[in-house]
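Next come the structures, one after another.
Each of the two complexes below includes chain A, the first together with chain B, the second together with chain C.
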Partner chain A sequence: MELTFDRLTKKFHSTIAVDRFSYTMSNGVYGLLGANGAGKTTLMRMICTILQPTSGEILYNGNNIQSMGTKYCDILGYLPQNFGYYPDFSAQDFMLYMASLKGIYGRAALERARALLEIVGLSEVSGQKIRAFSGGMKQRLGIAQAVLNNPKVLVLDEPTAGLDPKERIRFRNLISDLSQDKIVILSTHIVSDVEYIADQILMMKKGRLILSGHPAELVERASGVTWTLTVPEQEVSFYEKNACICNLRHTGSGAELRIVSSQKPAPEAVSVPTNLEDLYLFYFAEELGGVSSHSARRM
Partner chain B sequence: MKTLVYYETKKIWKRKATWIIFSLMLLCIIAISFVFVSDQAYYGEDGALLEGLDAISEKRNHEHALAGPLDSQRLQKILQDYQENYVNQNYDSNTDYQQSYIKNVQPYWKILDLIRGVYTPYTDYLTDLATFPYEQAGDFYEARHNNVRAALESGSYTAAEKENILDRDSQISIPFEFDHTKGWETLLIRAFSLLFMLLALATCIMISPIFSYEYQIGTDAILLPAKQGRGATACAKIVAGWIVTSIVYLITVFVGVGVIAATFGVRGWNCDFQILSLYSFYDLQIWQVVLYGIGINYIVILSVMAFTMLLSSICKTPFTTVIISTLCTVAPMFFPASQNAVINHFVALLPAKAVMTYSVFSSYDVYSIGKLVITLPYMILLVAIILGALELQIARRKYCRHQVT
Partner chain C sequence: MKRNLKQELKAFYQSIPPMPNADLAVQLTKRAGRNALTPPKNFSLYQFIRTQARFLNRKLLALQLLLLCLYALYTIAVLQDNDRFLLFVPIAPLAVLLGTGELSRSSRYGMAELELPAHFSLPQILLARLILITLVDLFSLTCMLCLTAMKTYYSLGALILYGLVPSLLAAAGSLFLMNRLGGANAQYYISAYCVSLSALGALSINMWPEWYFGTATAVWVFVLAVSIVVLAAELYKMFRDCSKQWEYIRLQ
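Moving on, here comes the complex of A and B:
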């Protein structure tokens, strides 16, 4: 099973949301990382055929997904960002409605809906209206509807947004459980969401794929860009203005900074192992409103 | 498909707006019916002014006593009696004058008004008949037909159109059958246009979210990638819209007609429509016009539904949809008649005018397509069906091709 992106491009007037994105996915979990506006959602919408590419194509096992029509829809599951729901429907009604949309009817639909509501921990509230659900419950309902048809390609757009840490961990585990024999594409800008469950990380910046690989491999590739440095309190503001600080901890004798920089930020800085979050900051510092990680250095 | 239709129907019924507008509409109908009843007035035999249900009952009894065919001789005799027993009498007091009115004019008023309509057609008051020589009033139906011919001559009709109308007019059943028809008159002239405009408004409000609500709340993103999410869902939405519109239509018409029939009675159902609209050229009885009206208006309301669905598939929110569809549907009601016949022909086909059954079956608007002359009711049906089908097709395609941006 392969999902291939061939120079996929999407333009909105003069803005390029996705720029010649090329990649091939096979079974596994793919974590799509990028700052807001990087093009993740646009890419996912194109994967789900709800947005037409300006140019390029997406192929599923060699076939253009647009021309596959309902055959492709049959193997697709999608949880969009800001998952829309019908507030007056109960969870069970919603699942049965979604089942009928996915071509599952009658007893099979009922059994599948019940089983999935059990898996996502909503079986006890299946008769309640969705309007009464918390954000986490709605997201779990969202994932349940996405896997109703046991999809081969599962697309999850920011599934953990707005969830508390406990819900996020629960959600990650759920995705991990559901990901067997599937291509799971998971977009987020919360690095820890994909750090443990993704087989491959894809980093997007300004619509382009800038980096891809296994999390450990990416971290390894970026070794030597993370530094720690203890400075007096009065120098903190200098580093805040001139360096990409990913962590700051005040100690009794000053401040301990964790800096991401391609260059040693100060002679006394000590190189430390890089993690995925550091790597993310290394590439997206500017988008996140910080200083470029390529420029910080004290003379 | 059945399951999809069930859930799409459920979505419409579950919305508060649906229930609010439906309840308001039924309340309006009952309130309007109350007004129709309460403004009825009729003098009793003792000279007391009766109102409401008492007036309706008294009038019904008096007019029903005159039920039967209105042949020319009978009409001439009624005119003669009016002039001799009422107009040409000397009254000693106002009381005598009023008593004479109650006895000699009030029960015959409707028939006398028909006579006035034929022999003094350019006047508005019954008193204009006072001086008309009754000896000349023995050719009621010929005179009426000649008036139709004269009206056509003064209008901008083609020869084929004139011929068509005159031919139809010469085929209407004569003599006209008379009975008490106040209930049907109230229904066709006053209640129908209000009833169906309310229905059109309700349809706009109930149907407007059908596609645009999905865009607004973001469910389009989960519907469209689903296997049945495009074509089948669009069809299910259309069918659900049709089911809801039809149910609401049936209940509303049943309540509306039922309340009027219960208060005014159903007498006069088999009278000729010309008793209500003297110069109508349709050979129909009142019950047939009512049924045609209900049928045509059903198609018109469905076309309003189709138009609303089209807007809903284009607009991003139900609010925009409901504003545009309501304006487009209701506004033509206030369009004045134009000097331009083409504009009038066009306006007559718009839902706000098309649901005015009494006007539609009284109108001399005909449409020529090549050698074919089509009367207004058929043209309304034709346009509503063609446009409705086209709008639904565009709405379906628009939804299926919707891009989530």
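Moving on, here comes the complex of A and C:
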């Protein structure tokens, strides 16, 4: 099973949302990382055939997904970033409704809906209206509907947005459990969401794929860009202006800074192992409103 | 065994992460996954439309029923024989109004993005809803027509004409507004339009009775023909636009 992106491009008037994206996916979990506006959602919508590419194509086992029609829809599961619901629906109604859209009906739909509500821990509230659900419950319901048709390609757009840490971890584990024998594409800008469950991480910036690989491999590749440094309190503002600080901790004797920079930020700075969050910051510091990690000055 | 599985699953997924036993997770998921079903391939559009009936907004059905009951109650219990009884004319646009919300439901509640990549396309979903609300409206209007026929001297043909014209004008105008304005706001404009049409109908019965003379039939037929043409054009536009998928949703 393969999902191939061949020079995929999407333009909205003069704005290029996705720019010549090429990659091949096989079974596994793919974490799509990027700042807001990096083109993740546009890419996901193209994978789900909601948006048509301006140029390039997406192939599923060698077939263009646009020309596969309902055959592709039958192997697709999708959880959009902000999905709505009909206020008069209960969780079970919602599941049965989504099942009917996916071509599952009758007893089969009911059994599948019940089994999935059980798996996501919503069976006891299956009769309750969705409007009474918490954010985490809605997201779990969202993932349950996405796997109703036992999809081969599961697309989850920012599934942990707005969840508290406990719900996020539970949700992460759930995705991991449901991901067997599937291509799971998970977009997020929360690094820890994909750090432990993704087999491959793809980083997007301004519509382009800038980096891809196994999390450990990426971290290994980026070794030597993270530094720690203890400075007096009065020097903190100087470093804030001139370096990309990913962590700041005030101690009794000053402030301990964790800096991401391709250059050693100060003679007394000590190199420390890079983690995925550091790597993310290394590439996206400017998008996140910080000083570019590449231009951090030697002091 | 099923109860045990349910209890184990519940206990497992409600436990505080990290998961206590990864092997158990795999085992439970596989056991639950045995119920995984291959979607039936022979689910026809007809079956789909029939299935959608249970997902129609129940409030809409309740309101239609309430309108019909009130009409029946007024006609049977309150109204004396009245040659000029045509309450049917102002009620028809209101009956249509109740169904229009169903067509813009997906975009109003943000469901369109979930519905788009499904086996059944958005035009098919809209078609199912359109057929179902038309059936509900037809049933409701037919009942009102029969009740009206019991109390008035107008011929059945004339009554059908006086019922069809406001209904089709309401439907065509509502679709015209929906296709151009989109979103939640469109529903306000549609409501205002249908209520205005209803008020015009009520006024016409009392203030311009000559509209309902036999000599005005040609005008009614002409308006009927125009409303059918507009309705057909707006339906065509709606299905053509929504087949563009995301572009259509963004407009909503």
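We take it that the second predicted complex is superposed on the first by the 297 of 299 C-alpha atoms of A that agree within 3 Å, B and C clash if a C-alpha of one lies under 4 Å from a C-alpha of the other, contacts with A are read in each partner's own complex, and residues count from 1 in each chain.
Just so it is clear, a contact is a pair of C-beta atoms (placed from the backbone, for glycine too) under 8 Å apart; a residue touches a chain by one contact, two chains touch by 3 or more.
Bear in mind that the values here come from a model prediction, so they are computed numbers and not experimental data.
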Clash or fit (per the criteria above) of chain B with chain C on chain A: clash
Chain B or chain C, by number of chain A residues touched: C
Partner chain(s) touched by A:272 [first = chain B, second = chain C, both, neither]: neither
Touched partner set for A:86, first chain B, second chain C, both or neither: both
Which superposed partner A:150 touches (first chain B, second chain C, both, neither): second
First (chain B), second (chain C), both or neither touched by A:197: neither
Contacts of A:16 with chain B and chain C, given as first, second, both or neither: neither
Partner chain(s) touched by A:112 [first = chain B, second = chain C, both, neither]: second
Which superposed partner A:125 touches (first chain B, second chain C, both, neither): neither
Chain B and chain C contact sites that coincide on chain A, given as residue numbers: 45, 48-51, 70, 73-74, 76, 78, 80, 82-86, 88-89, 93, 96-98, 100-103, 105, 145, 149
Of chain A, residues touching chain B in the complex: 12, 45, 48-52, 70, 73-74, 76, 78-80, 82-86, 88-89, 93, 96-98, 100-103, 105, 109, 145-146, 149
Interfacial residue positions of chain A with respect to chain C in the complex: 45, 48-51, 70, 73-74, 76, 78, 80, 82-89, 93, 96-98, 100-105, 108, 111-112, 115, 118-121, 123-124, 145, 149-150, 166, 169-170, 172-174, 177-178, 180
List of chain B residues in touch with chain A within their complex: 3-4, 7, 10-11, 14-15, 214, 217-229, 233, 402-405
Complex interface listing, chain C residues touching chain A: 6, 9-10, 13-14, 16-19, 25-26, 28-29, 32, 35-41, 43, 47-48, 51-52, 54-55, 57-59, 105, 109-111, 113-120, 125, 245-246
